[in-house]
Amino acid sequence: LTGCSGNNTQQQDNTSAPSAQTAEGDLLAQIRERGDIIVAMEGTWAPWTYHDEDDNLVGYDVEVAQAIAEKLGVEATFVEGEWDGLLAGLSAGRYDIMVNGVDIDPARQETYDFSDPYAYNRTAVITTNQNSDINTLEDLQGKHTANTISSTYAQLAEQYGAEVTGVDDLNQTFELLLSGRIDATLNAEMTYYDYMKAHPEAELKIAVLTEEANRIGIPMRKGEETAALREAINNALAELGEEGVLSELSEKYFGRDISQAS
Amino acid sequence: MSERLWDILVDSFGKIILPGLTMTIPLTVISFTFALILAIAAAMVQFADIKGLKQVARFYIWVVRGTPLLVQLFVIFYGLPNLGIVIDPFPAAVIVFSVNEGAYCAETIRAALESVPAGQLEAGYCAGMSYLQTMRRIILPQAMRTAFPPLSNSLIAMVKDTSLAANITVTEMFMVTQRIVARTYEPLALYIEVGLIYLLFSTVLTKLQRIGEKKLNAHGKQGG
Amino acid sequence: MLEIKNIRKSFDGTEVLGGVDIHVDQGDVVAILGPSGSGKTTLLRCINFLETADAGMLVFDGERFEFDSISKKEIAGLRKKTAFVFQNYNLFRNKTALQNVTEGLVVARKMPKQQAVEIGKQALDKVGLSDRYDYYPNQLSGGQQQRVAIARALATNPEIIYFDEPTSALDPELTGEVLAVMRQLADEGMTMLVVTHEMSFARTVSNKVVFMENGAVIESGDSRTFFENPQEARTKEFLRTINESAGLTS
Amino acid sequence: MSERLWDILVDSFGKIILPGLTMTIPLTVISFTFALILAIAAAMVQFADIKGLKQVARFYIWVVRGTPLLVQLFVIFYGLPNLGIVIDPFPAAVIVFSVNEGAYCAETIRAALESVPAGQLEAGYCAGMSYLQTMRRIILPQAMRTAFPPLSNSLIAMVKDTSLAANITVTEMFMVTQRIVARTYEPLALYIEVGLIYLLFSTVLTKLQRIGEKKLNAHGKQGG
Amino acid sequence: MLEIKNIRKSFDGTEVLGGVDIHVDQGDVVAILGPSGSGKTTLLRCINFLETADAGMLVFDGERFEFDSISKKEIAGLRKKTAFVFQNYNLFRNKTALQNVTEGLVVARKMPKQQAVEIGKQALDKVGLSDRYDYYPNQLSGGQQQRVAIARALATNPEIIYFDEPTSALDPELTGEVLAVMRQLADEGMTMLVVTHEMSFARTVSNKVVFMENGAVIESGDSRTFFENPQEARTKEFLRTINESAGLTS
């Protein structure tokens, strides 16, 4: 992984985040006028958005956002924070878009408009190597799982009859699994691979992989004011897809291409 | 406010207040009770200047007050299993909150013990009572009266700190709120809602504090 | 009955008691006089082990104890035979008048509650507080508080009572109250060791006087002789100052 | 401990302590300074029993102590923009921490003011001084001396609470730790490391507190 | 110079002062006597507006003020001409002896610091504390603290000084110290209104005596007449009690 502070990128100094305007009017026009698009992400979710050893903000989402900004002819300004804060900031107009591997989900669509998907992420049911009870989603019935509170995985697990607890972040779910406190955790397939890169010795396996992949999109505020922005982003994503940029970035960060629906 | 948002808030009120009553409040009350016991012990060994134990108490207070609660939760819940000690979430939370709050309360109680005039202990001796008898029947009751308001404050603050238990899978009020946020994507409104519920709990506790203080003050301030 | 020999005490290197001897017989009322800072309070506190004396010996009912090697158990035993009335009363602030008196009986002497209450009421009656059983210290006047303290001392049926300036915090009328109670005790034959600034009390109630200065006994003996025919120059001067400030001009 | 883990810890030490020094500590110190000013004002208007202002102070303390810090951060940072008020993260954090801590400190200072004997104020009047003159020169200095230890405690607790600023995108010590955790997947070890760094900061503050208390006690306790 | 007319004060419905009149001329030393609870302290506090009297009038240097309608500004003005010495001193605990004396001069009277220090030192010298300028209250003995309080009163050059039991917290020798200073002030012609239990002071220093009980003046007038030829039965009884407790038997 190498640093990727491209020319058109501006690493956000978090202490003085410029804010998107809340004033009436078209958001895309405002972004063009400002010359930058404010992108919110957690910065603590490898390999989507995280800090490398030299403390540069990197990841698939980071580079996708930069590429989009380039297409829009503006610079990308990144703001990092906690999940709930990112959502609140998006609603409050502090940030223009959130690029953070967000699943497109009907409930979320009530609050936000999403771009077209730019990645497809299958959900993995992760267990310890010793566990042979769980081989299908149906096997989750009555099992203990833990998932990050803010994710949609909890709902999926609940749907299949698992007993679900929540924790604040991803790492805690692996700790819970390894200490035998839970039977399984649901997470993005890619996240599992990344964790295994850091902990090759960890006795964890993917027990089940969902057939259907979740579609990952970019949420933004609902309504007229973002219509033009959404269209511009969709165009940019389409172009990036055609140019092979998305595939390239996906290979770079995930070791495989998840930018296309398989 | 949109109708949808209103519905979400109404719908979630019951969902949030329920774990508040069944988890946040019990967790707080149980932990605070243990914290008080720990605190009294830690304050007493310092006050009595018991060599060895006093140093243990100082060390305990130093480490616990110096490190974040979240780190303490991590060490107990995610760290101890490495040593083969696996504690369930609720007891783990009770342990950590008791130990943490105990350190702060110990300082409060120590200060209160020191504020009881030395003559009270001496009068106990001269009445033929032992150190422990005098402490239990004369000094501690007076100290607890002095410590009552700051301890009430700590209790009120603790109600909110228990939300950190979400980190070790305890489904308390704040975690439930965050789950609803994960589904509805309305963090601000829901945070305000849970904030108001916390305020409700605190208000009840504050009222209880006032009543308690009145009762303790029934026979005037301990001036003479 | 009580004999103190060569008691010594220093605070941070400064000598406060430099070898004091006191002799008290059964039924004696001994007044300890002396200017401020002469070590009177320190003496009483050492005798009752509230301070640890550096050297010296205490003989109580024929039993001998070294101040620097007495055990906790021996101290506890001696304290059950003595009582102490503090200058500022030191009533238990969280207990009523009656509880103040019974506490030591019930807790330290394991007396049945009912019996303790009976004795406690008798003691309070004796000091004229029959109508104040259930008052807390802060609801009592200074004179009343001091009388509760005396009742607390009496109730344990001690062989000797130590008093540290029992009236110095009281106004003249309240002083009268407390002194009357003490005079009554003296008449009943109670043994008492009393640090006081009340010359009238020393003169008329006590039978022995000890005059201290700078941690040493300057003069001691029969109370009449002390006042009417003092031997030491310093004693004469002290008596003169006291009389002057009492009369101011005369 | 594996070599890899050791390398991670060594490597991250500098990365964590740097934002500690450049963000956590300044945020704490600045916020605490403002908190003290707020607290003195809120305590004084209550002590002086100024109609209107007193009620405002009570209300402020009630709401702020009754609701979680996190909710307050959300309301200021994500709620106010709805009213057209957009505040940058660092100033927003300073505002919230000052206001929050101010409420707790106000109670401490009010208690300290009430512990100064009434005679001190009367002596000020009789010396011809006005209420404000006596407060400023006689009562407040004495109260601050009493309040010093509990205020120091609050300051030490605040160092750790500032980690919540991560929620409004302030890159302080704990957030940086979480970033390293995200890359290395070693939460326990790194949390312990950051815990020790907090402990280091707290220890320095505790030492400063001791020195401060010694200085304030230089001319004995305020007994007479 | 100072005249109080018909001053009344109730606490929670209980009358504590029931219409008291006091008359003080330039150079008078008026002693206010009376048993505990008779309202002496309350009287002084009302006169100096530390309590708000319910009714009555105060004439100071010919100016008249109603207690229930006096303005803050008038109070501040009067306070600059008077001084108050509290029973328990009330020295500023965070200030040295000298600062205690200069504080009122610098802050309230806007006197240049240097001049205030000069006056402060003179005042402390006068009460015999030349060697205690930089001591904090808790480093001073009771007698010394009371003398600082007197110096603080003197330094403001008041027309009258009110004293509330200035020696009741002191032992006989310290009492002597303080009374000597007050006698000196009286000799220099300072006007003083002194609540006291010290009969010797009332007898020998004051020229007028006011005897109060239950919030009313029972007898007042010339000090010699009061002691040698009291008119009222209650006064006679009071003097008898005092003498008895002083002599105890005689």
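Labels A, B, C, D and E are assigned to the chains in the order they are written; within every chain, residues are numbered from 1.
We take it that a residue touches a chain if its C-beta (ideal position, glycine included) is under 8 Å from a C-beta of that chain, and two chains touch if they have at least 3 such contacts.
Small disclaimer: the values here were computed from a predicted structure and weren't measured.
Between chain C and chain D, the least number of touching-chain steps is 2. Using the mean of the Cα atoms as each chain's centre, the chain most removed from chain B is E. Averaging Cα coordinates per chain places chain D and chain E 46 Å apart. Separating the CA-averaged centres of chain A and chain C is a span of 82 Å. Distance between chain A and chain B, defined via averaged C-alpha coordinates, is recorded as 37 Å.
One finds 80 Å separating the Cα centroids of chain A and chain E. In chain C, no residue touches two or more other chains. In chain D, 74, 78-79, 187-188 are the positions where the chain touches two or more neighbouring chains simultaneously. Each of residues 84-85, 88, 91-92, 172, 175 in chain A touches at least two other chains.
Of all possible chain pairs, the ones that touch are A-B, A-D, B-C, B-D, C-E, D-E. Chain contact summary for the complex, chain D toward chain A: residues 11, 15, 23, 74, 77-79, 81-82, 84, 86, 88-90, 166-171, 175, 178-188. Of all the residues in chain C, the ones that touch chain B in their complex are 48-50, 76, 79-80, 82-84, 86, 88, 90-95, 103-104, 107-109, 136-140, 145, 152, 156.
Partner chain B is touched in their complex by these residues of chain A: 84-85, 87-88, 91-92, 107-108, 110-112, 146, 149-152, 154-155, 165-168, 172, 175-176, 178-181. Across the complex, chain E is touched by residues 35-36, 141, 168-169, 171-176, 179, 183, 197, 200-201, 203-205, 241-242, 244-250 of chain C. By the touch rule above, chain D contacts chain E in their complex via residues 117, 119-120, 122-130, 133, 137-138, 141-142, 145, 219-224.
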